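As written, the chains take the letters A, B, C and D, and residue 1 is the first residue of each chain.
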Amino acid sequence: MAVATPPRSATQTAHSMTVRGLKPFYGKRLAVQALDLDVRPNQILALIGPSGCGKSTVLRCLNRMHELIPYAHAEGEVKLDDINIYAPGVDPTLVRRKIGMVFQLPIALRTRNIYENVAVGLRLGGVKNKAELDARVEKALRDANLWDEVKDKLELSGMALSGGQQQRLSIARTIAVEPDVILFDEPCSALDPISTLKIEELLLSLRQRYTIVIVTHNMQQAARISDRTAVFMVEKTDDIPIGVLVEEGPTEQIFSNPKDPRTEDYITGRVG
Amino acid sequence: MSEPRTRSLPLAGGFAATAAARARAREGVGKTKIEAVNFNFYYGSFKALDKINLAIPQGEVTALIGPSGCGKSTLLRAINRMHDKTPGARAEGLLTIDGESIYGDEVDPILLRRRVGMVFQRPNPFAKSVFDNVAYGLRVLGERNSKRIKERVEWALRRAALWDEVKDRLNATGTSLSGGQQQRLCIARTIAVEPEVVLMDEPCSALDPISTLKIEELIADLRGSFTIVIVTHNMQQAARVSDYTAFMLMDSQTRAGQLVEFGPTARLFTNPTDPRTEAYLSGHFG
Amino acid sequence: MSLETNMLTYAQRSRIDKALRGCTIVATAIAIVPLVLIIAYVLIIGGGALNRDFFTQTYRPPVPVGVDPITGLPVEGMEEGDLFQVQARGGVLHGIVGTLMVTITALLFSLPIGVLAGIFLAEYPDTPLNTFIRFCSDVLSGAPSIVIGVVGFTLIVKQMGTYSGIAGAIALTFLMVPTIARTTEEILKLVPNAVREAAMAMGAPMWYSTLTVVVPTALTGIVTGALLAFARGAGETAPLLLTIQGNSNLSFNMFAPMAALPILTYKYIESPFPAENQLAWGTAFVLMMLVLGINLLVRATTARIKR
Amino acid sequence: MAEVKAVPRITASSRWARRTRHGDVFFWLLTLLFALMIIGLVVAVGIVTYNGSAGVRAEYGWSFLWGTDWNPIETELYPVSFGAWPAIRGTLLSSLIALILAAPTGVAIGIFLSELCPLRLRQPLGVMVELLAAIPSVIYGLWGVAVFANWFNDWVANPIANTVGQYVPWLAGPVAVSRGLAITGTILAIMILPTVSAITRDVLQAVPSHQREAMFSLGATRWEVIWGAVVPYARAGIVGGIMLGLGRALGETMAATMLIGNSTRIEQSLFAPATTAAALIASELPNAQIPLHESSLIGLALALFGITLILNLIARYLVWQTSRGPAGEKV
């Protein structure tokens, strides 16, 4: 039996990411000025900023999803622990396996039922044993706080779930393959307040086992859940907008005592 | 067309009636123009409006406000029967204009809409020239005399404060104007036929602040000549432009829209009688 | 590389990925070869068969190489073998005229049916009748063109007692109506509802707003549909074989047999003289240019509108 | 705001009012009438072919469809006889060959164009495929007869007949020169390939990109994304495209007439001449002398129409089936 990943034990050390001189491009246009960023293990890093500041672009660079957009590519160095994921010869497929991603819109794979929506990543990893699949699907759904709501309807299409449930289904699918880092791209922006609350609770509980990066346009959300916050801004040179990392630090400090005046303007609501 | 018949049933019969109605309009501002009495509205089995009682005064600006889903747009669109094409939509109770039932059996919705014009949330000029956009309503009425049409188009564009900006490019497509200009073009198009009532469905929600200001000035200017009913989600706007305000809410159980309070805008905003209105205005919910 | 440590099957998956992606490339490459060859042959051989006579003359029987095509007398310096070689003469003017007349007549028949039916399908609420009409339209556009030819043959040719251009036009109408109806319906459904509401709120009756606002907004799309239907009709052969039969002379009489480009292509390729087979390529060239030209024109205009 | 000069108000004329008031009913009736004409056209096809084939149905009944002898001319050895099976068999076999060749290739091309093709090539290749779908079939037939047939004989038919054909009867020789079921099927495949590819590409491109991204973010390879998320999402449309191609192959007349060999004898080998319903009608109907002959050909047309009608129904059923997805989905 081929086992892709052994289930993670609670004692396993979590992983860090280091970004050095990352430059995301759309065609020839540089989207964000070269940036350095550290993602610390077992913490939640929030990327905030006004729309168009490139925070989602940076996030998508962290697991090489950015280059799937036509004509887009990225330069620079992004390390997962000590491996540069942009080094030549690194297969982006493996990178994405290690660094999972949850998107803005809840995505249920339309042609699969709820069970298969979670099992799909495990099957890709070569898990074929039915008992093991069952166990790991159940564990992922439990970890995503969804098991009790769907355990009786695993055969139904994922599309039959509500938006909030679909988003937790997406999270279950992502954590089922036990990635090292999970990226969240505005995971609550399409959800109602109660579903948002559930996702936020879920994120806090996942922090104990995963390293998390989240993009959000909701500053309160960043303040509520993140350990550190990175603030992005849009600057215009010759009328061409470009994203800039303004400030990065502990969330508390960013929101109570920002060093950069632009951060202060943004969080007090004067810009953006 | 027989004269007595049109007089007794203006909505059903024809156009002489509108002249009579206009004569009544000159009698004075403030008289009830549109009245709803225990008016209900349904989409299939879903009740969207529940027992609305409301008297909209003539020649003044009435704002419908409330959180989204409260039925304010449904009520507005009921006034000129824009729901007629929606399958399953039906009205119950009484809704009248100048005392005639809007949903009466004899009423021709086409004649009704010639008396009750409408401006929409997103500017929706036709893919025709600026001139033809404004002339459209006149041509709908069967006018073929190009001199009269020209006069009237200029009048409407001036009234909509757009003439100076477009007089050199009347042949440009309506869609080539900026968003704010497009919306004023739509207003010009609506008032060109001088309807008695102008309905506006969040006319500024797709516009920038400066264009919004211009539209608000325009509404103030049209006040008195037309009865205006405006739906807005912006309370400040309602306070700025309207004489009367109706506050609506969605019933939390049945999800049907209800009228909570109606009154002069100044009074409603400063001294609401219903606690729910007060809670909404002070931002507690919605 | 430590990224791979827990990916036991990854090498295998990667190989499958590469192999199957390769398959699609191979399939595309294999398929492109004959398709490119077809176009190349028509362009090169067909283009080579063109000259001024080809567009200005009608059919003339081939004569031996050693004979002057105009006088019919042996030319100077002819050799004996030349009398057994045949040279082609004449052109396809009658075919061009026939194709244009028959297809345009068919377009005149099918435009009102297609456009008004499309308006009915798009502008009035969906009922089971609409579904059934759509189904019929699908059946008609999926029906083999030879069946339509048979209908034209029994319905008109048999009744009139003669093959005729008008019978061909009626047969083509069967094939062009569904194309026009469906494109009209689809394009009208793309017209934003706000436009209809705006006209409705001005007190315009439905027919007036449909004709003055909705249809003009969608006009380019409707013209596109008509042009595509025209291209389809111009390329049809089977129904014409059974209805207009073909004619060697230039004829403008819609109530008598007519020529058409696809039929000429077929007749020339079946001809025992290699020189006349050459003319088939030339005819195919003209036909292909007509059809592809319309398609490219449609493509260029729609691309411009989208921008 | 500046005072605006008053101008006379425009009111509607009563004549116009009468016109507009009844315009809607009239317009509805008018469009309805023309929409009903589409039904009328289908009914006309059905009635004409049904009535036209009354003679043959009276003579043979349904056994006309599986009668194996087609002999329109009375000779001393063979009496006149009309059996449709040679034509129907040829139609089905040549279309089957076309389907087997074109369906996988067409879907593969569609996948390549939509998912894998370098961006710079995507547009020109896509345009080319669509243009190829528009080329009249008589041109495919012309190329098949004049160019492809010789090549096919030398490189495909003869080698197969001389090797495998020694043991497998339906691939046996002698190979008819430039004619036969196999070559017809191949040309039909080339002809319907652009249709199948273009539709497959269209339906794949309509799959929302987030379905792909969800798979990518799980560490799926490109092929796993395509086969695991994109193709299943679009399978209904792909099936529809294949069905449409099959319909075109079944009814194709010109390419078949030129290449099939027009022989109404049933021979086992795919390399022998045969006929299809469409080819038989096209070549014999204009010259049919006796009423029964004509009626038989119209009967064939009725059968062909019936087959495409059934195909249309099946395609709709499949699309309906495949678009349902797993149980519980809100449709």
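Heads up, the rule we're going with is that a residue touches a chain if its C-beta (ideal position, glycine included) is under 8 Å from a C-beta of that chain, and two chains touch if they have at least 3 such contacts.
Owing to the predicted nature of the structure, the values given are computational and were not obtained by experimental measurement.
Shared contact partners of subunit C and subunit D, listed by label: A, B.
In this structure, the chain pairs A-C and A-D differ in their number of contacting C-beta pairs, and the larger number is found at A-D.
Our note on geometry: subunit B versus subunit C, Cα centroid distance of 51 Å, whole angstroms. Averaged C-alpha coordinates give centres for subunit A and subunit B that are 47 Å from one another. Within subunit B, residues 110, 114, 140-141, 193 each touch two or more of the remaining chains. Under the contact definition stated at the top, the residues of subunit D that touch 2 or more other chains are 20-21, 221, 224. Those residues of subunit A in touch with two or more other chains are numbered 93-95, 97-98, 124-125. Chain pairs that touch one another are A-C, A-D, B-C, B-D, C-D. Residues of subunit C touching subunit A in their complex: 1-4, 6-10, 13-14.
Subunit B contributes residues 80, 82, 85, 87, 110-115, 117-118, 120, 122, 124-128, 136-137, 139-141, 186, 189-190, 193, 199 to its touches with subunit C in the complex. Here subunit C touches subunit D in the complex through residues 13-14, 16-17, 20-21, 23-25, 27-28, 30-31, 34-35, 37-39, 41-42, 112-113, 116-117, 119-121, 123-124, 132-133, 135-140, 142-151, 153-155, 174, 177-178, 181, 205-208, 210, 228, 231-232, 234-238, 241-242, 245, 262, 265-266, 269-270, 277, 280-281, 284, 287-288, 291-292, 295-296, 299, going by the rule given at the top. Remark: subunit D residues 20-21, 23-24, 26-28, 30-39, 41-42, 44-45, 48-49, 52, 104-106, 108-109, 111-113, 116, 125, 127-128, 130-132, 134-143, 145-148, 190, 193-194, 197, 221-224, 227, 244, 247, 250-254, 257-258, 277-278, 281-282, 285-286, 297-298, 301, 304-305, 308-309, 311-312, 316 touch subunit C in the complex. By the touch criterion given at the top, residues 1-2, 4-21 of subunit D touch subunit B in their complex.
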